[in-house]
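Alright, structures below, take your time with them.
Shared chain: chain A. Partners: chain B in the first complex, chain C in the second.
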Partner chain A sequence: MTRSATASYWTGFAIALGVLVVAPFVLPEFWRRFVTEILIWGLLAMSSDILIGYTGMVSFGHSAFFGLGMYGAAAALLTVRPPDLWLAILYGLVGAGGVAVFVAYFATRLRDIYFSITTLVFSQIFYVIIFTWTELTGGENGLTFRQPPLAIPGLLSAPFTPVTLHWFVLAVVTASYLALRRITQSPFGMVLQAIRENEPRTRAIGYPVERYKIVAVMLSGLFAGLAGVLYALQNKFAAPDFVFFVVSGEVVIFNVMGGMGTLVGPVAGAAFFFLLREGFSRFFTEYYLIPVGVIFTLMVIFVPQGLLGFARRALNR
Partner chain B sequence: MPFDQILIQLINGIVSGMILALVASGLTLIFGIMDVVNFAHGELFMLGAYAGVTILAATGNFWVALLAACVIIALLGAALQVVALRPLVGRDPLTTILATFGISLVLQNYALWQFGPVARKIQEPFTGHFRLFYLEYPWYRILIAVLSAAIIGMLWLFMKYGKYGIWIRATTQDRIMASAMGIPVPLVHTAVFAIGAAMAAASGVLFGPLVGVNHAMGLDVILRAFIVVVVGGMGNLGGSILAAIFISLLEALASIWVSPAQAVIVSFVVLILTLLFRPTGLFVPTPK
Partner chain C sequence: MAERWHDEPWARDIWWSGKTTRRRFLGLSAAAGALGATMLVPPPWREAFGQAKPYKIGTMQPLSGAAAAGGKTALVGTQLAVDRINRAGGINGRPVELIIADYESKPDVGRRKAEKLLVEDKIDAHEGGFLSNVCLACMPVFEEHKVVNMIGVCLDTTMTTSKCSRYTFRPFDYAPAQAVAFAPYLIGKMGKKWHIAYADYAWGQSTRDAYADQIKKAGGEVVATTGIPLGTADMTAFLSKITGNFDGLFGIFFGKDGVTIGNQAFDLGLTKKYKWAGDGAIAESTNLPALGNKIEGFVGINRYVPVLDPPLNTSSHKKFFEEAIARLKQIDPSGPLPDRYVQANFEAMNALKVGIQKAGFRGREDTMKLIEALEGLEMKESDDFPQGDKTLRKEDHQAFIREFIFEIKGGKHRIVEVVPKEKTMFPPACTFPKA
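So, the complex of A and B:
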């Protein structure tokens, strides 16, 4: 790795971060919310990139982790008085982590499409449970709750404003990005990429491939759960729609559009997807998925490396 | 446990199992021959049902509608295969999941746009009933099971003895060798996709009278079909048919005690147990 490449990477990182920090002051209300939301979906997409881009396992079940993060946060905010931000995050992570252990144990026994189908079916199990267990989860209507204040113990406690919420989301997403980046560059991450490139050889060298995959799914699930907590905080509700596998499909779309195996790509993919949605909603109203689906299919065929695929090497330095 | 209730649910299970088997055998045929996991299969099922609704309204004849829907959806399937899947031959099978997922989004939203969110009803071709304990059981349901079995049986005979069936089996076994023997492999791929699509359309039209036809009906079906195909062993035609009946029977029996929405969990549990103990499917020996 050359010095100048590292410098230009961090310069780019600093500029992007700076733009996102000042964004809420410049943008009107609608677009500010839009950016915050993209950051949250971007985190979800990044979490799934660990599996899709780095380990070569396409998960069609990320909605389960995301949804359990939401419902975990809801549980904390509804049962504990006064509502506590950090407890919500903890509960959300525990919820998503628990599901992730379950899914990881069973799904990693299978490869390729079998893995995809299994994760899809697992997310549907949790969807059915959440949808039908009305007494606990509110069923189809979901749960609504109040936003907890932004509290740092011993320092401050203030209710969230749109701007501080944006900064809080930005801080969490940035920290997660750096953590995920570190993970993918660690020896552990290298083994994951070895599994992607050649699983039998990785096994032959002596790595316990199954154990690595299980840990990868669990890590991915935790970060997806974190995204779910953030979404719950922003929108003050948890609903079964977010556990439905259509959300998992959208996460895969973000990854493919933005560029798998880059971590930044999926965030860009999420932004691209939502911009397309905004643009096409003007002409196609709620049928925007028709043109978006066509663009997605064309990208799978002609640009399989995604929007940021050309920068894959630079972004992984 | 009342005996009559169990018997009624057994018959219900076999009827829905045959419908499911019809969808799943198309899915597994397509997978077996070209390693394509067709995410859009549920949408072909749904569009088949809509084609049936439209043609039934125009002609008034259920059987014409059934046949025409099959032909239309087979053509649509062939077109999709040529446009979207042929460029992907030789690439990672995962890309075919992504491509067909994109197609399913387009088709589903197209149906919503074209036909609206209100469910349509297909009139059953005849409304006779027979007495089953305390129920008036419609003959039509029995007919569905028989017709589905007949279509699957025809497919089996075609695959076993027909010249083109042998082409298909040869391509499944060894694509390159088949091509070397003069079999037009790309054409066989397109034909198989069309056959699978037609079977999905047939089950859509047959299933239409039992439930309303709406744009989201494919989602539920594709999920069940995936479960069936994994439980039966991917690409294993006989296995998927048995698995479809087995799972539908279990679900039907479970819905005596819990609501149908929760009975789905039974099939999930079957899937998990299968994956744990027989990862290559219930009906094939696990290779050592």
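So, the complex of A and C:
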């Protein structure tokens, strides 16, 4: 990347970050919460971009990672007294990571549509387990719990306010973005992109493709789980609906709308999708998903690279 | 031919070129202006009530997604009540403005819509809710904003027991009360030994436990239970294992699962070999056409049955029944009969009205007054409550109402016994969280 390109990238990054930092002060209450939620869904979409955009593996199992992250956080918040933020994150990551290892071990032996179907099947298995194991998971009703305080041991402990929660989410999402960006630009990330471009050739030059794929699924699952933890912290409930494959489908839509293989594109896609849905729902009480669907279809036809697809090269330099 | 299709003459008009021409600018401005003007036109009830500030009542229903059919039916009950209230001069001289939100049958959307109703629309109270998981996800939001939430359909027991909230009320029955009402009939008139088949998820499991408990208390026995996953299209594998020495098969299902078990239990001969009873949702009026004569003889319990036989042959019920049929025909030309979703939402909205009147409720600042007015509210059979008398218990905000034990005969509901509300009482199990 040239010096001027680097400068423009980081300037854009700083502006976007600055806007998101001050957003809670200028936005009305509802929209403030809405932006925080978009960031969470954006992180989920970003996590799936590792597989869809960089490795060329379309996963329909992200709902399982997201949901298990959520239920992991719920387990920590319901069983440990007093509720601890960091323990919730740890439990969520362990939950999502454990599932990701399991799914990765079996699913990465397959390619293309077979990989997608296997991830879908796994997410449905976890959905059925969570839906029917009422004693442990609350079944259809899910679990409700209290929000832990924002605590840094020895430094501070204060209840979350909408503003501090927004900043906390923003900090986690930004750190995740920077980490994922570093990973995708590392030699490891280059191998993932090589797998996407030509898997047999990558194997032929000596890379253990399966191992790379397993690590990619695990990484993706961990960040999806982190998004699940954040959602649980914000909304104080976990429900089996988040493990259902429809959530995975929406994540794929965020990627397509925003631009695959850009990391920030899926976040923009999630924001665009949520804004469309919220905007139309104010005019068409029950039919608002129809125009959203029409716009998505038109985007696939006319803007197949997604909203930020045009900047893919610049964002990946 | 152009290299890129975007450069083709026909595509130039639809593809954004980055140019803002004066014509485009004026066109878009006119469209935006027209849209804005439409939004500023006052709603029709404004004229009738002059400048009276309306009560803003929010209602969340699943109008799209998996539960859309039920949500649309439930909304009919709410709209029916609101129209009737506004025709009669509103509440305390103020009209009711109903703000409808569709939550797509999803809890995350439900939570967001609840926030929108509370923060953006600034509703004074909420009436509605269909899916229990969404109701449970949204209850803390109403509590946080200190707004009364009058449930319209959600059945989950925990809403008025372990997860109860000072701000949430359920003005209709729940599984433990139905079990208390039905168990003596099951044991006394049908048989002592029962096998329970249930939808294997939270509602089915909690309802199974309630019936198992009450059947035992009434002197009967539950010999076995069979859980069938929700939405199972072919229940044969589960039903074929139901054999042995017992008197009756008790089903706990609803919606299309109710149709499936009704048809398949008949096909396997279970409904001939054993007495056949269950939750009234199996034989809801909307299910009867799909069940045909295979549901003949089924005995169920429900808070509402769409008949004009005694004791539902009152003028109040007749009015509700006819208005509901007319309204339902607008959304379903086959003209279905009203079901318990329509009835419960209609009466929930009226309970809110009575509470508002009693409390002299002006808006959110009077929420505590409204809660106190609703706690222990006695509702008498009337045009507001055509189903019958009911009591909204103070300790857990759970209503106790009369129940109808019915049999399906000739493809129609026939009431065989009416259980008064006093005989449906179940002890409260709620401790409201401290404010």
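Simple rule for what comes next: the second predicted complex is superposed on the first by the 315 of 317 C-alpha atoms of A that agree within 3 Å, B and C clash if a C-alpha of one lies under 4 Å from a C-alpha of the other, contacts with A are read in each partner's own complex, and residues count from 1 in each chain.
Note that a residue touches a chain if its C-beta (ideal position, glycine included) is under 8 Å from a C-beta of that chain, and two chains touch if they have at least 3 such contacts.
Quantities reported herein were computed from a predicted structural model and do not represent experimental measurements.
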Handout entry: Touched partner set for A:142, first chain B, second chain C, both or neither
Key = second
Practice task
Could you say whether A:186 touches chain B, chain C, both of them, or neither, answering first, second, both or neither?
Solution key: neither
Practice task
Figure out whether A:134 sits in contact with chain B (first) or chain C (second), or with both, or with neither.
Solution key: second
Exercise for the section: Using the touch definition from the top, say if A:120 reaches chain B (first), chain C (second), both or neither. Expected result: first
Exercise for the section: Could you look at A:289 and tell me whether it touches chain B, chain C, both or neither (first, second, both, neither)? Expected result: both
Practice task
Report for A:112: first if it touches chain B alone, second if chain C alone, otherwise both or neither.
Solution key: first
Exercise for the section: Please indicate which partner A:29 is in contact with in the superposed arrangement: first for chain B, second for chain C, both, or neither. Expected result: second
Practice task
Pick out the shared contact residues on chain A: the ones touching chain B in one complex and chain C in the other.
Solution key: 128, 131-132, 286-287, 289
Fill in the blank from the handout: The chain C residues in contact with chain A across the complex are 15, 63-64, 68, 72, 100-102, 104, 106-108, 111-112, 115-116, 119-120, 132-133, 136-137, 139-140, 156, 158, 163, 200-203, 205, 227, 229-230
Problem - Residue ranges of chain A touching chain C (in the complex, touch as defined) - result: 28-30, 33-34, 37, 128, 131-132, 134, 138-142, 144, 231, 235-237, 239-242, 278, 281, 285-289, 302
Completion exercise
chain B contacts chain A in the complex at 37, 84, 87-88, 91, 93-95, 97-99, 101-106, 108-110, 112-113, 223, 226-227, 230, 234, 259, 261-262, 264-265, 268, 271-272, 275-276, 279
Handout entry: Touching residues on chain A, where the partner in the complex is chain B
Key = 58, 60, 106, 109-110, 112-114, 116-118, 120-122, 124-125, 128-129, 131-132, 245, 249, 252-253, 256, 286-287, 289-290, 292-294, 296-297, 300-301, 304
